[in-house]
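Both complexes below contain chain A, partnered by chain B and then by chain C.
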Partner chain A sequence: MAVFGTALNGAGAVLLTHAVYSTHEHTATFASTPLPLDISLELLVSILLLSLGIVVSFAPLKPIQYAQWAGQLSREGRHGEGQYTREGEEMLSEGDPYAFLGLDGGIGGKGEGRRGFWDVKGKRREYEDWVRQGGKQ
Partner chain B sequence: MTHANLLSPPSQIPPPTALALSQKAPLILSTSPTSSLPWPLSLLFSRETPESWTIHENLFLSALRTGDEASALTTLERLEARFGEHNERIVTLRGIYNEATAQGNADLEKVFDGYEKILREDATNMSIRKRRVAVLKALGRTSDAVTALTALLTNSPTDAEAWAEASELYASLAAWGQAIYCAEEVLLITPNAWSAHAHIATLHYLSSATNNTPNLVSLAMSLKHFCRAVELNDSYLRGYYGLKFVTSKLNALLSEASSTSLKRNTQDDDDVPVPSIETVKKLEELATSKLAGIVRQFKSGKKGWMGYDEAEIIAARELLDRDAKAVR
Partner chain C sequence: MAASALNEERQLAINPIVASSVQHNTQVISNIRNLTASLFGVAAGTLGLESYAGFIFYILASLVVSVLLFALKTDGKPGAYFYRPLGDLWLGDVFGGLSGFVLTWTLFYGLVRA
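And now, the complex of A and B:
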């Protein structure tokens, strides 16, 4: 779709430039005669092509229904969008906005939500146990 | 495995991920985000972004988790140099560092006393109040933690995170009534949180599961909240899992009740209408088809369906298999 959109935009821009130039040339040479029909048509076609191209090459729209939007977040998870910070960490897409409640791991789950109550001792113990067991994946 | 990202850490950090996160320390600590030039020039040539400090904070936490205290201290010193030692957030991070490096319970008690001292100076420091609860929990004094948390909630009743913590604490004590109350408070603040609906549904289910006689009203409440969770999120694996689980229980109960011609609406304090068996069956069908769809798409590795946790997919598959066996 990206190539198609760019092609439409390119053709539209060329036609628009040509139509504008033709208009200028026409008014410079025959100042008192009306604009020929082909120039007006070219202008309209170029605008049509440009509008189509812009719509076609637009980024996919976000769902406007809450359930669908939330469903998309769950289905796709957080994924990188090709941008990195200076430290080399990838910027991820939008995640679950309620992750801060920490209720997604079930009762007694080990989620990372609720940062204010982060149990540093428990997490350290978990890690030490894992190392003692040989550090399997 | 979920990939390690310090900017937005995954919602679950198993030890291997924690190790991968903290192994990024040398790289990040090798360059300073702040400029070493004198004042007006430092503003021009500073390379810091808001993200660098989020990364530092997350690095600090994962370094502490893996016992890499040297890196944690360096990161903390950087944060202190940037934001000042008296910044609320930095004071909390310093507290977490002290907690992590405390040897034994006596040291931890000392950290706790330090928090008390901070709170005497400034009683409005909410994050230190939360740390107090966390320390009490780490010391194994759950009932004290609950008391501290209720004091916090009296002063700040719109803190959804604290209500959620209270709900989990009560649930860990098997005080289902209180846990449900706290979860409902979470819903008052964040009514559209699908995870909060699933949580409260789980609590309702557990409160009925621990009784010897299954409670129809609790199951109906659980069903209601699971339905709301999947209404808010149309691909919510946990919601559909719970929906299927509860509907199969309710199905058995309701068909039993109708065969012994028991009146369903005999409970006098009953403001929750128990759904009809047809509705329950339809909901079960819906949940089964949705779960099967999610499992299938995940297994085929389709792009746009890989956001689920693999363990949850396996659990959903087991539930479906068990169901298929029962039908055969």
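And now, the complex of A and C:
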């Protein structure tokens, strides 16, 4: 999409420059005559191309509904956005703000992700069994 | 009035809104508006529009940009990206770009036509 937007912007800029230069030449040679139709059309087409290119090449919008936004985050994960800092590090998109809760540990795995719901007695029993076996695996 | 405000608050409690996304979207729309407004000024000045014709040209061109935003940026679902689609997408920052428009309009009118 970025290449498409840049191509549109480039074509629009070339047409716009040509149209403005032609208008300047026209008014310098035949002052007080109306602008020829082809120059006007070129100008309008260049403006249309440029605004299309600007709209296409800008960053995509983000959903404002929390559910959709969080769904997009968990579907796409953290990924590079193609922008780099001056030190050469890639800038990442925003990630899941609740990742520190560790909920993902309970979704795919067999453990409980939420620390507050951790099975303390079960873990203690596991540890006692391990001690009784003499500390071997 | 009070009942509708309460309803809205309840609606926001059920479906919360992400402030950082709202900010990002407003920023994108404002940048696009400002850039395109300057461009429309170049076109209006080069076409030699004067007085009301220039402002009508600006409003029409802004409408075209709104349609482009609606079709390409929001995929036809402005409600998913803006809390108030009419005010934020269709009319958002149209008058904020007016100063940039008048600036380039007069500049290019002076450079090219006068």
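Basically, the second predicted complex is superposed on the first by the 74 of 137 C-alpha atoms of A that agree within 3 Å, B and C clash if a C-alpha of one lies under 4 Å from a C-alpha of the other, contacts with A are read in each partner's own complex, and residues count from 1 in each chain.
Methods note: contacts are C-beta pairs under 8 Å (C-beta built on N, C-alpha and C of every residue); 3 or more make two chains touch, one makes a residue touch a chain.
The structure presented is a predicted model; accordingly, all values stated were derived computationally and were not measured.
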item: Contacts of A:116 with chain B and chain C, given as first, second, both or neither; value: first
item: First (chain B), second (chain C), both or neither touched by A:52; value: second
item: Which superposed partner A:60 touches (first chain B, second chain C, both, neither); value: second
item: First, second, both or neither for A:88, with chain B first and chain C second; value: first
item: Which superposed partner A:44 touches (first chain B, second chain C, both, neither); value: second
item: First (chain B), second (chain C), both or neither touched by A:17; value: neither
item: Which of chain B and chain C A:78 touches, first, second, both or neither; value: first
item: Which of chain B and chain C A:126 touches, first, second, both or neither; value: first
item: Partner chain in contact with A:98 - chain B first, chain C second, else both or neither; value: first
item: Broader residue contact with chain A after superposition on the shared chain, chain B or chain C; value: B
item: Footprint overlap on chain A, where chain B in one structure and chain C in the other make contact; value: 66-68
item: Contact set on chain C toward chain A in their complex; value: 15-18, 20-22, 24-25, 28, 31-32, 35-36, 39-40, 42-43, 46-48, 61, 64-65, 68-69, 72-74, 80-83, 108, 111-113
item: Residue numbers on chain B that touch chain A, as the complex places them; value: 1, 5-16, 18-19, 24, 27-28, 33, 47, 49, 51-52, 55, 61, 64-67, 96, 99-100, 108, 126-127, 130-131, 133-134, 137-138, 160-162, 164-165, 167-168, 171-172, 186, 190, 192-196, 198-199, 202-203, 206, 231-238, 304-308
item: Touching residues on chain A, where the partner in the complex is chain B; value: 66-68, 70-79, 85-92, 95-96, 98-108, 110-114, 116-124, 126-128, 130-131, 135, 137
item: Touching residues (chain side chain A, partner chain C) in the complex; value: 16, 19-20, 23-24, 27, 35, 40, 43-44, 47-48, 50-52, 54-56, 58-69, 94
